[in-house]
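Please go over the structures that come below.
Here come two complexes built around chain A, the first alongside chain B, the second alongside chain C.
Showing the complex of A and B:
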């Protein structure tokens, strides 16, 4: 009786209303993009209720024939390779930083934080000049290395905190059992920290996948990534909104399953789920 | 073989010296207990032997060979940690097999040894579980299983029972003692609990601020403590200490009398006092008595008719009284 009081119901109702409002705020743009992608160019700016059946797959066909699929593949490859390389280098580095009794570790933590916080603009000009001289403009290695300036600090930083939560005794136990440090890392520490490892890899992939700025500066033709390629649908006198909508869907769709899988791990790793 | 020799080993963390130069001989097959108050350096010393902690000086010999610089994996020792340190993502069977896998043993051979160890430790029904699905006592047994499968030179235990409840602790204490009798291998066991030390050890090493206060068999330490610290540390309830005039009467700076060595009378005796608490356990009676020389504890066999508020007389048994000089050392 008391817990179903008016105040309780009012609180609950306002809570639900707020969630609905937020949901609409988050979902409406997606719906809009979906509708846009299915409308012929002639009907783009008509309200949907005036010609609800005027739908077409032309936009999808058009994009299949453009350079966009290639750009999507570029995005996937460069973000993927940058993430893998960052994990290969960053995970052992984070392990060393988290568990060794190095002096001056705090210096490393400051540098990493700085790298994480600094806006990419800060790196782009020097990077661009170096790349021009090194012939790395419009190359995959160039783009991958640029992405690693984003992904590597992220991986090291987040794995550092993850590994710090792994009890030392777990590692020492592996060493006593005859494992080398490398084996202890691969066979014991990484599996025990799996949620954190998966979360780091996915977050790393996503920041590279979502990058626009580096790709805009570094890529020209063959290595253009999806976010940059979308710009090709904007010309000086018209904007191909239908194609942009399809491209937006193509950039978003692949990461939905990734996020669904990742969600579990990210929540686990944020709540520090590594127990002995 | 599992003979371990410490020669003048030292350990400093930065400027703080945790273990001043220390020497110790551990015989093959011996059950040695390092005991001392919390923070006295027991774990550090054990970890130095294990190779998990670098030594700042001195030498560690295992079976006569210098092991000071060997990594933990190459010392042939197994360790059971206070937190058990089981691998959370592996089943019990995989946990126990891990050292065998590291040694590159064929899979069938691993399975056979794991099954043996599981049988010895009553873990057969749990082999497919994860550590998270086990009780504290079962986890402890898995940790022990993981230590025994590969037949190490010696076992190192760091307060393995302190996370268990009292009843389970007594059980595991017996299991470990039986295991030692069965395996006949060297065991070094760290604890802050003198009862564990007294009940399990062949040889007790009493540590205090990183120094060895005394080494000996449990009864040797009980009967012949070298100084005040050892006298007060070994035995439960604690030994009574009296300084001043009553001690001077026996020609000592301080005298020590164990509670079980005090005669209690309701009529006459040396020191008069009033009973503040009487604990009747049936088998024993513990009396806490307020006297002119401070609070004294007495332990009597059986049940006696003395209660709170009663006046009693306590008389020390002079033949088994401990005498200490001004430096706290036992007088001969």
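Showing the complex of A and C:
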């Protein structure tokens, strides 16, 4: 019994040790960035234990006075609107693809998948030239449309599989009760597929929020987003590590509460919460 | 709240109006778009761009971005011939390539109208003189300078080393586990280790081509002089440099000098000004500055000239020329040098400006004088002004870095660089 107990405790201890190691691996870089953000320029690379009280909010003040808050707002605005528009267009599209007997669904699924697989760098030059001629460079609509090339296929693809799990009987009973197809979608199907809807929206938002490439090409001074704006702290003479650390925190922080709230839905969605 | 069709449409129209606002601004007349990459001067210029509008009535949208962002955007703008940029940042090292690709236009017609034409130093101006035409107007010249810990060198009875051999001798005496003797740019790249290594080459009489000035562009990088230079560069860094110096670039050097982990470096004047600034450096009061060391063939401090040009596709070249004239005027540059940590100006009279002398004298009494002394010893073609220098510089830089990191012997590295130069020259 003692041996078994010892083996059990040893196993548990090694499990905890492994977890702590993984935790340290995940958390230490974040902690490091946090410390960097609070250190004055003269102590940026000094070990924290050598001068633990040498902290300042100057980097935060510097960021507040720079163009970065505007870039952060641009990121919120463009990623948010692109996600909302993708949901408005993509959810009904996915519903139609999942539940109707359309011809060419197989082709549609492949087209969507190809859109997801195509690397943006492959079509950036034609996109850029079209945008220049259409006057869409450095505009919010231009950036939102570009983001929708990323978010819309994701929404349609993920919602398609979610809706496919909804039993047809549920929709038929709503229709028999006199609901239109649109009403059945909004009042019956979407609530039943809520975890999938939330997960698609969150993942769409994160893809747009983290985008660097489109923003690099399409934005200029007015609509520049946070990920590109961080690069502006690197000049040919210096790297403003303190500001970069603060900016990294600003880009990461808003995502954390969203992920905590949405975590349950994402897990449910991935494990197939909608049962027949 | 009940949604009505009219309310929904009004809301959508209002949202569209807000979202399209930047587009309307761009569509307005009397505007120019300026694209620059981040440096103290360009950031200062953006901060006072409203002054230009007040003076001329032309609105200047000054976009200052990181260098990597700049390069991606400007390559697309140029290759697409979009006309969206009217004034562009032109590093002198790129001027030939951009000229040959017809991406920029000559500015000769606008030179007489430059507000401070006579005050701009001849050397930096000539960096943009190609085939008898001027392709840009300089605003900054970063020059190689030495920063060193006076306290550590004093301890061994040495001042700033005069030659690379002296530097090696001092390094042997001051190197310790706590403080490495020397750090230099080692990361491969025409703007990285190839900003530094030509200072060694030229000090030992080495060169890139048989006779660059005379027009003989036969590669000559595998010469005994260059080999001697490479050996001392490797000796300094591998034996007296900090751990990991084989990949060091200017950010690592700045940080290690500011934190007292390294005793000597040679860097661009912009970086040196950060290393000796009490606001950013823990050891500022111990720092001395000097012109970079030389060798048997003399001294050739590194130089990097930056300026502004007009893209060939600009839709408003006259407005662009007025902006360049304003931006390089002594009055504007003086204002920027007072507002920002900017010592790399190319307006000659500013080195004697009382307010600037006071400002930078407070950081380091000799700062402006040493910079001028170094600038006077530079040569315009420190890095050859060739359209394909990017590729050539990168090839040599890779091999120099390979030798430093022990991948090949110095002899093999230079032979490989020579072969690659010959191959590139054949295109």
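Points worth noting:
In the analysis below, the second predicted complex is superposed on the first by the 263 of 276 C-alpha atoms of A that agree within 3 Å, B and C clash if a C-alpha of one lies under 4 Å from a C-alpha of the other, contacts with A are read in each partner's own complex, and residues count from 1 in each chain.
Keep this in mind: a contact is a pair of C-beta atoms (placed from the backbone, for glycine too) under 8 Å apart; a residue touches a chain by one contact, two chains touch by 3 or more.
Keep in mind the model is a prediction, meaning the values are calculated, not measured.
Placing chain B and chain C on a common chain A by superposition gives a fit, with no clash between them.
In the superposition on chain A, A:176 makes contact with chain B only, while chain C stays out of contact range. In the superposition on chain A, A:221 makes contact with chain C only, while chain B stays out of contact range. Between chain B and chain C, C touches the greater number of residues of chain A. When both complexes are overlaid on chain A, the residue A:5 reaches neither chain B nor chain C.
Superposing both complexes on chain A places the Cα centres of chain B and chain C at an angle of 160° as seen from the Cα centre of chain A, in steps of 10. By the touch criterion stated above, A:125 is placed in contact with chain C alone, chain B being left untouched.
In the superposition on chain A, A:14 makes contact with neither chain B nor chain C. By the touch criterion defined above, A:194 lies against chain B but remains apart from chain C after alignment on the C-alpha atoms of chain A. By the touch criterion stated above, A:51 is placed in contact with neither chain B nor chain C. The minimum CA-CA separation between chain B and chain C in the overlaid arrangement is 16 Å, rounded to the whole angstrom. Chain B meets chain A in the complex at residues 47, 50-52, 71-73, 77-79, 81-90, 98-99, 102-103, 131-132, 146, 150. The touching residues of chain A, when paired with chain B in their complex, are 167, 169-170, 172-180, 183, 187-188, 191-192, 194, 274-276. Remark: chain A residues 41-46, 81, 124-125, 128-129, 132, 135-141, 144, 216-217, 220-223, 228, 231-239, 241 touch chain C in the complex.
Here chain C touches chain A in the complex through residues 16, 18-20, 22-23, 25-27, 33, 37-40, 43, 61-69, 72-73, 76, 79-80, 82, 84, 142, 191, 250-251, 254-256, 258-259, 268, 270-271, 274, 279-282, going by the rule given at the top.
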